[in-house]
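Here's the structure we're looking at; comments come further down.
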Amino acid sequence: MTDPSEKSFLDLSRRGFLAAAAGSVAGAGLASSGAQAQQPENLPNIPDDAVGRPFPEADLQMPLPPDQRLGWCVVGLGAFALNHVIPAITRSQTCRLAGLVSGNAEKARRVATHYGVPDARIYDYESFDDIANDDSIDVVYIVLPNGLHAEYTIRAFEAGKHVMCEKPMANTVEECRAMIQASQEADRKLMIAYRAHFEPHNQRALRMKKEGAFGDIRLVIGDTMRPLDLSRPRDEWRVLRDLAGGGSMMDIGIYALNGTLYFLEESPVALVASISNPPDDIRFRQVEDLVTVQLRFGSGALANLSSSYTMNENRIQILGSEGTGLLNPATSYVGNTLYETGSDVGTRKVPVQDSSLRQFTGEIDHLSRAIIENFTPDTPGEMGLRDVALIRAIYASAERGSWVELNPDGTMRG
Amino acid sequence: MTDPSEKSFLDLSRRGFLAAAAGSVAGAGLASSGAQAQQPENLPNIPDDAVGRPFPEADLQMPLPPDQRLGWCVVGLGAFALNHVIPAITRSQTCRLAGLVSGNAEKARRVATHYGVPDARIYDYESFDDIANDDSIDVVYIVLPNGLHAEYTIRAFEAGKHVMCEKPMANTVEECRAMIQASQEADRKLMIAYRAHFEPHNQRALRMKKEGAFGDIRLVIGDTMRPLDLSRPRDEWRVLRDLAGGGSMMDIGIYALNGTLYFLEESPVALVASISNPPDDIRFRQVEDLVTVQLRFGSGALANLSSSYTMNENRIQILGSEGTGLLNPATSYVGNTLYETGSDVGTRKVPVQDSSLRQFTGEIDHLSRAIIENFTPDTPGEMGLRDVALIRAIYASAERGSWVELNPDGTMRG
Amino acid sequence: MTDPSEKSFLDLSRRGFLAAAAGSVAGAGLASSGAQAQQPENLPNIPDDAVGRPFPEADLQMPLPPDQRLGWCVVGLGAFALNHVIPAITRSQTCRLAGLVSGNAEKARRVATHYGVPDARIYDYESFDDIANDDSIDVVYIVLPNGLHAEYTIRAFEAGKHVMCEKPMANTVEECRAMIQASQEADRKLMIAYRAHFEPHNQRALRMKKEGAFGDIRLVIGDTMRPLDLSRPRDEWRVLRDLAGGGSMMDIGIYALNGTLYFLEESPVALVASISNPPDDIRFRQVEDLVTVQLRFGSGALANLSSSYTMNENRIQILGSEGTGLLNPATSYVGNTLYETGSDVGTRKVPVQDSSLRQFTGEIDHLSRAIIENFTPDTPGEMGLRDVALIRAIYASAERGSWVELNPDGTMRG
Amino acid sequence: MTDPSEKSFLDLSRRGFLAAAAGSVAGAGLASSGAQAQQPENLPNIPDDAVGRPFPEADLQMPLPPDQRLGWCVVGLGAFALNHVIPAITRSQTCRLAGLVSGNAEKARRVATHYGVPDARIYDYESFDDIANDDSIDVVYIVLPNGLHAEYTIRAFEAGKHVMCEKPMANTVEECRAMIQASQEADRKLMIAYRAHFEPHNQRALRMKKEGAFGDIRLVIGDTMRPLDLSRPRDEWRVLRDLAGGGSMMDIGIYALNGTLYFLEESPVALVASISNPPDDIRFRQVEDLVTVQLRFGSGALANLSSSYTMNENRIQILGSEGTGLLNPATSYVGNTLYETGSDVGTRKVPVQDSSLRQFTGEIDHLSRAIIENFTPDTPGEMGLRDVALIRAIYASAERGSWVELNPDGTMRG
């Protein structure tokens, strides 16, 4: 099994970035061959006492030396930042946690203590712009409510930093455009944190598609849902339109939408959508619960998507003339699985490296590499804008009760 | 869902160890309720601009502050150390990588550079005993071939350090006894690295058993195998008896054996075993390939185990009067899964937190805690000795072609 | 486990129909309790030689005595008739094979010989109306191409027989109406062969829904597809519009559509659809390949459906506020499986009786019972009309590129 | 996919047996190709009205004409006979139900009425030998408790009939020998009803093994269990040693044992076993509950088996140097499934025809064919004897607490 992530690591070393540390710490993975590999004729010649052995060439990727790692500053210390973003930074190959921004000074100090961030690197929302003078910070990771993404991204660019911004990029297309412009003016990288692009099962499915395992892709079915739990602080702001920009589609449906375009590698030409909210549920006064979307593509492909804040599903399926790829779950934090079906393979669980850590560290390392090697990230601001535009079109279609035609950048025509 | 690891973290904070950092960075986990939780009557009151929010109380466990973490020194820089042990130390809650021991100075320097270990903390097998003078090192992790475990464990104790030793503990019972004695004389902790005890699916299965989900356990079936690949340096020493102590049973069958006793919570009273090697396969000149073992327990429980270096399986099944727990895979690095079957549940995939990282960091953090709080680790030297004794009894039974009776410590009677 | 089919058998015996033969030949089923049932205090008292034992009361349903079975006549001897319909008639509880209608006299004679049908009961398409004088025939099963359903159904009613008609009921709503009228004028039963209504997994899922296992159903996702194989004679006529009435939606998509309404227990108020055909594929000159449909219901529920003749999927999923029921496959000849997910159950494979034979014999026995006991079949002509009307609306929506509003009987409004 | 059962049907027609009725009513099966088959250049030429079409050549096997079918007489009308044997006879290709034998005259009359057996063909255990004068009866199917198999098999041979005998063949090796001798003296066929040999998933697994899909088979793991339910009359006699001959091993463990030898295609040279009964459970006063068995084969293969009357499992796994075949469930009435794992395939669910009906009708049709074409059945008396001998050796090994050596016919050496 060759893992796509290993591939990217090989690419990495080919570019010379980590030439001294080639390889991957990937580990052996789930599946290995039952086949009896070619065996040597003699037993290995190893003495009985401790000896130094050569460097394991094949599967080792070590982190950058500490002094070469980029300094990341996390803006917003909610549950996602504390449970996923900060641990991923400390576990990445290329980063160190260099700064924290929070309106709760006590919380920030507590986090800083445990992660070894000096007090001087703690900022609040007023002092945030002072990071411009902080050379230890190279990148800012925006983990705020959607409605605040634009402001803090632009302020980070104005401070001369690179930006990783959580999905969805912003509440409106206009905000997205302003963020992209700020990135260009500052000559700094802007990346949207679409972690599924760095999740090994999704990467493997895309590679199989490119290699023809599914034939011509005619249909994608994407259903991503999760129950919103207002008793958890992390979910509270998601029911407020100004902060969240919308409901399930902005938060979780975006995975089905973005994944569909990831696998089809084209933008839709038209869509039609329905929205349905359960009556008498306070959660859905300002934002939507259930969304269904039908999409048409220039290639003739179609897609059926759904999104919900009251039910539970996480599946993306790619259907082609020669076979099917099913990710189920597709974009969970853990446990993602890829199945292939086809005339030759029956139904097969495709062996893929685990994804739980990789998807988070992968996206973080990707932006670091993009900065160090100066290339455009795979999930740039333009992708974030496209998805926000499409979600706005979904809302418009549901409101109008009709199809809407789309431009290549995701915005509505006419 | 309450995760067993979270439970241990709660225990942890109850003991006051990490009182200032209560919670867990565990993440949201696989399964969440489809049920509509109790909803408040009013929408949350959150302003539209960035504000500090309270500390997410429920699910956050932060690492110890850097200056309170224990210093770990890794002895042996093979593939397992580089791919699993060292990353786990850097990703743990309680440790820092403080030293490296290797006979390959260039390799050690390269690793040290990437992980930020000062040159002065690099040792070779001659200078190893100098760690006695190195206060930055609290714990030594032995990742050498089995035949070298005893020597370096004892030297580590003589240097006044605590020891984590890879499984199997040693090649012989006598070596195990000497290691335990050295631990006692040095008044330092000795733990055997049975990572499955810290793997969430295994922990969940044990908890279900204790809660009666399976009724009386009557039978355990354990089959753990992997194809040995002599083209990979990491596997070379495993075909040499002096270094490996035995074949598949020492390396991979020990998971089935140890897991069986973990779930039954008792030692066997007798066992009978068979060994079979493929003819003309150079790998099995000094060590065994295929082993089958039948075990009897005082409670009346029975067990069927198998182990192999040429086939591929990883399953432990607990069968009781009221239901069945199936771990499949049971002890992989990634992808472990727990199924429950019974009259009320049909067949159910039990939702459990991911295990890929946890099992490695969990065991490392466990020893750190045992040192800081001064308790005996859950997988002490006595457990390692018991398992080595049982494997020796397995070999004796297969050679004699008869049952062997066993003492409670795992050694053969008479 | 109580199986829904057993329930219906109990209902059956309660109505006194088969009082002399109460019980079911259903068999023991997949799952049984691991629990130790209440045990008697003494061993059973059974002599050592052969003795007559009481009738096994609980699970036995024997067929009607031969002279009480209804005579069925099969019209059309294609692959489906020979592989499924005729074997199911001979394996049913209530039927005997009484007649055959074919334009290929040699084929009919060969089938008659093997199944013991007298030569006098062989008809061709001209002599078909002579069944009016054949008292051995009670029911006619129409297994002709869709475009011929109306003509032969009406001729059967005119001959005074009851009719089972394959799905889809006919090519047009007008034909459906004429068939229903002929049924009423002849005072004979008309049933459409929706076998999934008699398939145990589908029945179980509906019962779980009614019992509240899924909470409020908000969304149904139905995807039914199969690759059309022009090299097989059975598929040839399906590419001709006059005979087939349409493409994948008429043949296989109807399972997703009918199943959605079966589980939601309501008719849609509006739908919107897209159709896409692969260019240069001769199969899709007259009929469609890929269809996607979005449906809205008065209750607020939504549905996403798809259908195809070039890909392969068979799944119906019911998503509710408390849990999810997934049939996958949902309507295969064999191997259908039901999964339940929810906060209490994790993911559970629901134990259900096998479906491979039951779905075919079940629908046949259902019509026999409806005739003997004089009740309206569960899948009457009105249901067939509704589905044909909805498929016509799907085609209209795709052609117009807009939503269509629907009447309760499935026809388009306005 | 070519199904092994279809193969045997092809063999059948090649032998000229059913030349007039070549083909199989097998149906289309689960999996079909997603691949776009070679398409013709023009649309099929079929008129719009009803026409006779050619006989579907490829997949049709019709039953023998009624007057050519063999007459089967069922001895013992318990639940298994009523739920499985009699329906299978009426659904077979080659049989008609010709007689019934029971000690309960009322039960026999009731069954006879529903299945159309004339009163004159009802026998009791005294009048049984009168079947010698009943030319309508060709074959006798013995469905009595194990302890009565020998007596009624021998009486059937003395009456000049062929015999199908349920497994296990008898309680003792001596009885088995007497049955075989009676068969030879009467020049009539004797077959043991090992239905798994006619179950499509088992057949497919054997074919894959023969084709090398698993490489060299080194290990078979077989675990077959079911909870014995004394509240069901069908299970009552199974706790009495004289009638049952033993406990779980005789009833359900025999599937694991027979299956292991089926796949290995060799007899074991030695075995060792343990037995464990739950204390204070009345069911296990005369017969055993839990059995574990370890087997050695001359080829070097090993096997681990288990059997139980209190737990629930049904799995046979074939492990080879190149891959693994897993049947799970392996020998259920319904739902059997075959998985393949290997370096090339990952984990694959192998598409196989459904087994629920086929395994029962298949074995019945096999004996009919063996009679008509005069060949030895695949599961002859010698196989039944071998398995009874091995089970006796298992009991002896558990009692002695030691290995037992075995002869090629399954009996103990020395």
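Just so it is clear, A, B, C and D label the chains in written order, and each chain counts residues from 1 on its own.
Convention: a residue touches a chain if its C-beta (ideal position, glycine included) is under 8 Å from a C-beta of that chain, and two chains touch if they have at least 3 such contacts.
Keep in mind it's a predicted model, so treat the numbers as computed, not measured.
With respect to chain C, maximal separation of chain centres occurs for B (centres as means of Cα atoms). When the C-beta contacts at A-D and at A-B are tallied, the pair with the greater total is A-B.
Chain A and chain B have Cα centroids separated by 31 Å. Centres computed as Cα averages put chain B at a distance of 44 Å from chain D. Centroids of chain A and chain D (each the mean of its C-alpha atoms) stand 54 Å apart.
Among all residues of chain C, those that touch two or more other chains are 31-36, 310-312, 320-321, 324, 341. Interface of chain C with chain B (complex): residues 31-36, 215, 320-324, 341-343, 345-351. Within the complex formed with chain B, the chain A residues making contact are 20-21, 25-44, 46, 48-56, 58-60, 62-66, 76-79, 82-84, 86-87, 90-91, 102-108, 110-111, 113-116, 124-125, 144, 147-148, 152, 226-227, 229-234, 236-237, 239-240, 242-243, 281-283, 285-286, 310-312, 329, 332-335, 353-354, 356-357. Contact residues on chain B toward chain D in their complex (touch as defined above): 216, 218-219, 221, 223, 225, 272-274, 276-279, 289-290, 292-294, 296, 300-306, 308, 310-313, 317, 319-321, 324, 341, 401-403.
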